[in-house]
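Next up: the structures, one after another.
Next come two complexes, and both contain chain A; in the first it sits with chain B, in the second with chain C.
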Partner chain A sequence: MDLNKINETKADKVFMGFVYVALTFALLIVLYPLIYIISASISDPAAVNSGEMWLWPKDITFEGYRIILQNDAIWRGYMMTIFYTVFGTFINLIFTLPTAYALSRKDFYGRRFFTLMFVLTMFIDGGLIPTYLVVRNLGLIDTVWAMVLPNAVALWNIIITRVFFQSTIPRGLEEAATIDGASNFKLFVKIIIPLSAPIIAVMALFYGVGHWNSYFNALIYLADRSLYPLQLVLREILVLQEMSSNSVSMTGGMAEFIHSQQQLAAIIKYGVMIVSTLPIIVVYPFLQKYFVKGVMIGSIKE
Partner chain B sequence: MKQQAPPISHVQDIPRVRTKKKNRKIIQNWQLYLFILPTVLYFIIFKYIPMYGIQIAFKDYVPSLGFAGSEWVGFDHFIRFFNSYYFWDLIKNTLGISVYELAVGFPLPIILALLLNEVKDSAYKRTVQTVTYAPHFISVVVIAGMIIAFLSPTTGIINSFIQLLGFEPIPFMSDPKWFKTVYVFSGVWQSTGWGTIIYLSALSGVDPQQHEAAIIDGATRLQRILYINIPTIIPTMTILLIMNLGNIMAMGFEKILLLQNPLNKSASNVIATFVYEAGLLDAQYSFAAAIGLFNAVINAILLITVNHIAKKTSETSLW
Partner chain C sequence: MKKLLLSFSMVLVLLSVLVACGDDTSDVNGTSEETNGEVAVHKEGFPIVDEEIKLSLMAPGVGIEDWKNMVTLKRYSEMTNMTFEYITPPVSDFQTRLNLAFASQDLPDIILGAGTGNLTPGMEVDYGRQGVLLPLNDLIDEYAPNLKALMDENPEIARSVTTPDGNIYSLPFINNHPTAVWARGPLWYRGEWLENLGVEELPKTVDEFYDLLVRFRDEDPNNSGQDDTIPLTDVQMNSSRAWLMAAFGMKEWGIEEHDGEVRYAPMTDNYKAYLEFMNKLYDEKLLDPETFSQADEQKKAKGQENRIGLFPDWFSFFTTGQPEEEAVKDPMFFPLTSEWSQDRVVPANPGMVRGTFSLTKYNEHPEASMRWIDYWYSTEGRDFFDKGPEGYLWEANEDGTRNPLPAPEGFESPEEYRATLTPTYGITPPMLGDLVEGEPRSDFDLFIQAETEEKITPFSETPFPLVYLTDDEQRTVNTIQQDLSSYIEQMEARFITGVEPLSNWDDYVSTIKSMNVEEYINIHQEAYDRWAQN
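Our next item is the complex of A and B:
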């Protein structure tokens, strides 16, 4: 597009100047809170709360991180979240990959029926209360299964995976395998899965991030604190305690207790934001690439 | 008569052959049914049984009697909801937040995508994309924590800036007036960058020759955006607008629930959070299910209507 350069008028130059200013503005607006959190997590809370620290760390201290690392609730939540993420993602893949493969096969009689059965639930849905009652009637409340089974599979991911199989697995391969007498199961395990590393990675990331970040299922299905995932622990630290500082004051010892709780929350709140998001930050380069691809496939297909 | 016989038998043959072929296909691929079985069971248990359970909206659900065994009460729950003093507040808050969010949140990703599309692939462009996509992956709990921390009237950085400029600190989280704005603009911060992806992919489909021809004709960049790029993404915009409008009664309820507190509740009480409260905190299962169903029905009507209008006026539609 060298034509762009040759024919660039004055109006175009002004316009491009505006484009760069606008993009830089967007960049700074998004970046600033992220930098602030990092700086605040290693600054003296007094400097943070007074507004003295507004960009770079001030009076650097790692006290917040020390408290976080010693906090049992956070550790336990971290462990539970790792467990839910690994186990939940494993279940998701066990459900998603074979289903998407079956639906990708043109000679699979009933694929239209099953697709319709799945897609219909996008438009009609039992809603929160009936779903909750089903989960409760199954006896899943306060078990780890409540964190895994109600989200065992997501339709959108089945669709993306099916598109992958349809566009990358050569048709001849399946026919050749069938002629050789290989069963569908053998074909899937020995040939399809080894060819599908990219989509398995994408799906593991999609589902994994979902498990890591979710809090609502835990909120409604878990009462036992020992099962709490990290996000519910965070909710107590970041949302509920801060709330108590906004509401009306209490008297006597209770007020003191709340005050010390607030001090604690003030010291650790930015640190826990970092600590809880760390795994996502580590995989973000992969996430960005694969998620963008996922959004693209979705937009082409539907 | 004899002449007609062969064609008849031939006609009868086709279905038989088809059935045979179909049966062979089913038998040959029986393992594929095992592949799909867990997912079918999942959809039956977690999607279709709850759908069947929606009947409790017209019943008085008693856990020991189950979905089917509970007693019918007709439209009692709906009538109670329509006549309640909070009905119009819930509708007003729900629609108010959604419309505000749509008005601000819908155009911004389009504008950002059009701007990004003007910049040639470079380290700068990739930096802007990497940074603006990032908040999409931050959990809603952390987002809520950030909002509450940044907007605190005593210790929040936003209020430090406001005071620096010589104004009084604003109690964002406890003043109901501010709730919608806080909700909408935190959403803008989190999702505008991510929202550009779908438009950028649509823009990559523009034929470069169209631009070359326009440049030769002396069209400025702005003109080319207006007359080439924007018309290209209008179908994508239409589809997303239909989907957003069809979802107007079902917004990011998880974030609202986290940001809600007794002081801002007059503005933050929406249908979805009310269903959660009435159903799961107060155990009024049937009443809450009825409100949820009412909300879903309104959504479905909106989606169908908007899709119909889009089909009539722009020839782009979901179905």
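Our next item is the complex of A and C:
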């Protein structure tokens, strides 16, 4: 008794057929690498490298995960990465949200000037060395602050947030709050922030993923190994794998070192891919509903 | 109005950037200038200084243990009364950090273990001239008796580390190890295959070599009953090239020297003959068809499946995956002769790696630093830094020989344990590389030495000495080299795979000529002549 059912025409059926074929194809394209990585992480590296393992695990072994779980450096890196991501994202939000809100208010004196100055930084960049010197002279080198304070805001995110404020928060609401006696600060904290859950979620995700994946700042600013984030630890293990143990001006000691690193990398390579992306994959579905909404909202202007 | 404001603020920003650049240099090195330079340095014995001094040291870290926890360095600090702040960026990205340190002038007192790949000869010349790196000549004479003795013994050392202005800016790793002559990993035959085919004697000419590869292909040498053998494999010819080119009378895939004459090998007729030969191997499936597309791990996978007959690697068991004891059955490739080269030639390693120890201008104690490193060049010191103090990796027997100890729980191998004891693991340290006195040697060690002495040492020739180029020369060379090497790399693959027929050889040579190769050769010729005069 399906009243909504409308008989499909032949053309509709053909069209839907195409849609399903195309979707299935797209699904396979994105799904295959995921399955491959999961299978490879529990297969014997020899089977993976020779191409015998191409979809389902072969010669199943959990050796890779065992090594990963026992590796202190990876765990310490994991803890540091979680810390940098949580703390860094917190700092990002603390700076991004008020800035964007201030810039969104038409009655903000000097708004044009500040916006212009912010935008300028998109085109004029200090470059690596001057930035390094600034960070150094601020005394941030080799501290956790070097990981969270430089890049405390990303201009692009400020713009997105500003557009969100401009387009979703009615001016009338602000006026009403002011008439009721709210100061600007109270207005921001009590009214604007509670209304901005979607954009906060989106910003947290943007910044968070950025922190999670970053290794370059750590490489440049950190000397103490106990502060290394996960990505840098993994990079140390995996990059050497790319080097052939046969390049010129090699000494016996180096050849053996690289060989042992290659063996290690071959075993844990796919396992660490999963271990290091799992948290992001787990968090993503919870933020996803905001994510879609947030990006949509940012894109439409009244 | 808008435009005006924009351009005004642009100017403002630019100005502030310029101003910032201008006065930045004066206070940049504020941090390292606190100790007074007036510390008496003992010329011999330990400690080196009476009053404790602290220096900063930058070196590539292999990521297994922090340098400050390494037992050798801790003990050496107690002996010398010198302590260090160790800055050890990962070896994979060391170059980035080192370049940043030079560019920002945020330099440590000592740069150790960088090697030519990171602290290039060009950088030595450049930063030496600018005074950023200290000249070490006088310091060596006064404070480095062990190194001095080595240099007196082998004049080649001083010749190779002295830059065109007459100064030495970095100390080398000096290799006296049995494998020191290896320029790269050798080619290895799969011993089992030779046995199955009843091959008594390894090929000594190109034709015999070809015949053996054909047998590898056709006669099922791995007894698998299948047609699955690959006679010769490599990853992009990177390692086997040198051995096969040598059969056609070339020593280097680039600049090489023959009797004082410098030439560029990839444009010679010898090279054409090499390409022809390799093309033949490729066509007949004697050379792995995946040579130009596979990665190292795929090559190793084939080795572990016992599918390859001849392959390059540092040691054969890296590829075959067999235990070390079995690897003594895999013989090393014997250098070949051909109508192009009646004499056997093997390109050899100069036995040194430069750029392993430099002092920067911020170093307040260059004398003490030199004495500190000199110990590494003594027999006692090198053994200490190689294998650590007694009780960790070894214990002494009554007759003075060493008894190796097993690695403690939690370490996969003694090598991995060694990496937690001493910094000389995985980097090129400024020291004397040699066998440790009184340490027992495995059958495999002896096998490697015997193979090297039979097949490499008698035929070894250095392709081109370790020279320094002047600033200008270096710049020109860099520009030319970049185009040149990517072109010949690409063309080598095309010629061998037959995508480009060898009838296009003349076009190829004229393209190389149009890339300014003449100047490239001339610069190297001049550098060689300077070197030869010293």
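Remarks
Throughout what follows, the second predicted complex is superposed on the first by the 228 of 302 C-alpha atoms of A that agree within 3 Å, B and C clash if a C-alpha of one lies under 4 Å from a C-alpha of the other, contacts with A are read in each partner's own complex, and residues count from 1 in each chain.
Note that in this section a residue touches a chain if its C-beta (ideal position, glycine included) is under 8 Å from a C-beta of that chain, and two chains touch if they have at least 3 such contacts.
Computed from a predicted structure; not experimentally measured.
In the superposition on chain A, A:282 makes contact with neither chain B nor chain C. Considering which of chain B and chain C touches more of chain A, the answer is B.
By the touch criterion defined above, A:117 reaches both chain B and chain C. Shared-chain residue A:223: touches chain C; no touch with chain B. Judged by the touch definition given at the top, the superposed model places A:49 against both chain B and chain C. Within the superposed three-chain model, A:235 lies in touch with chain B and with chain C [touch as defined at top]. Of the two partner chains, chain B and chain C are each touched by A:266. Touch criterion met: A:133 reaches chain B and chain C at once. Contacts of A:15 after superposition: chain B is touched, whereas chain C is not reached. Legend: residue contacts after superposition of the two complexes on their common chain; A:195 is shown touching neither chain B nor chain C. Overlaid on A, the two complexes show chain B and chain C touching the same residues of chain A, namely 49-51, 117, 124, 126, 128-130, 132-133, 220, 235, 237, 239, 245-247, 266. Partner chain B is touched in their complex by these residues of chain A: 1, 3-4, 7, 9, 11-12, 15-16, 19-20, 22-23, 26-27, 29-31, 33-34, 36-37, 48-51, 54, 94-96, 98-99, 101-103, 105, 107-110, 114, 117-118, 121, 123-135, 137-138, 149-150, 152-153, 158, 178, 183-185, 188, 209, 212-216, 220, 231, 234-235, 237-239, 242-243, 245-247, 266, 269-270, 272-273, 276-277, 280, 284, 287-288, 292, 295-296, 299.
For chain A in complex with chain C, the touching residues are 45-46, 49-51, 73, 113, 116-117, 120, 124, 126, 128-130, 132-133, 136, 219-220, 223, 225, 232-233, 235-237, 239-241, 244-260, 262, 266.
Those residues of chain C that touch chain A in the complex are listed here as 5-6, 9-10, 13-14, 17, 20-21, 24, 28, 61-63, 66, 87-93, 96-97, 100, 103-104, 106, 115-117, 173, 175, 177, 179, 182-185, 235, 238-239, 296-298, 300-302, 304-305, 312-315, 318, 321, 349, 353, 412-413, 415-416, 419, 424-428, 433.
Those residues of chain B whose C-beta lies close enough to touch chain A in the complex are 22, 25-26, 28-29, 31-36, 38-40, 42-43, 45-54, 56, 61, 63, 66-67, 112, 115-116, 118-120, 124, 127-128, 130-135, 137-142, 144-146, 148-150, 152, 154-155, 157, 159-161, 163-164, 171, 173-174, 189, 192-193, 197-198, 201-202, 208, 211-212, 215-216, 218, 220-222, 236, 254, 257-258, 261-263, 272, 275-276, 279-280, 285, 288-289, 292-293, 296, 300.
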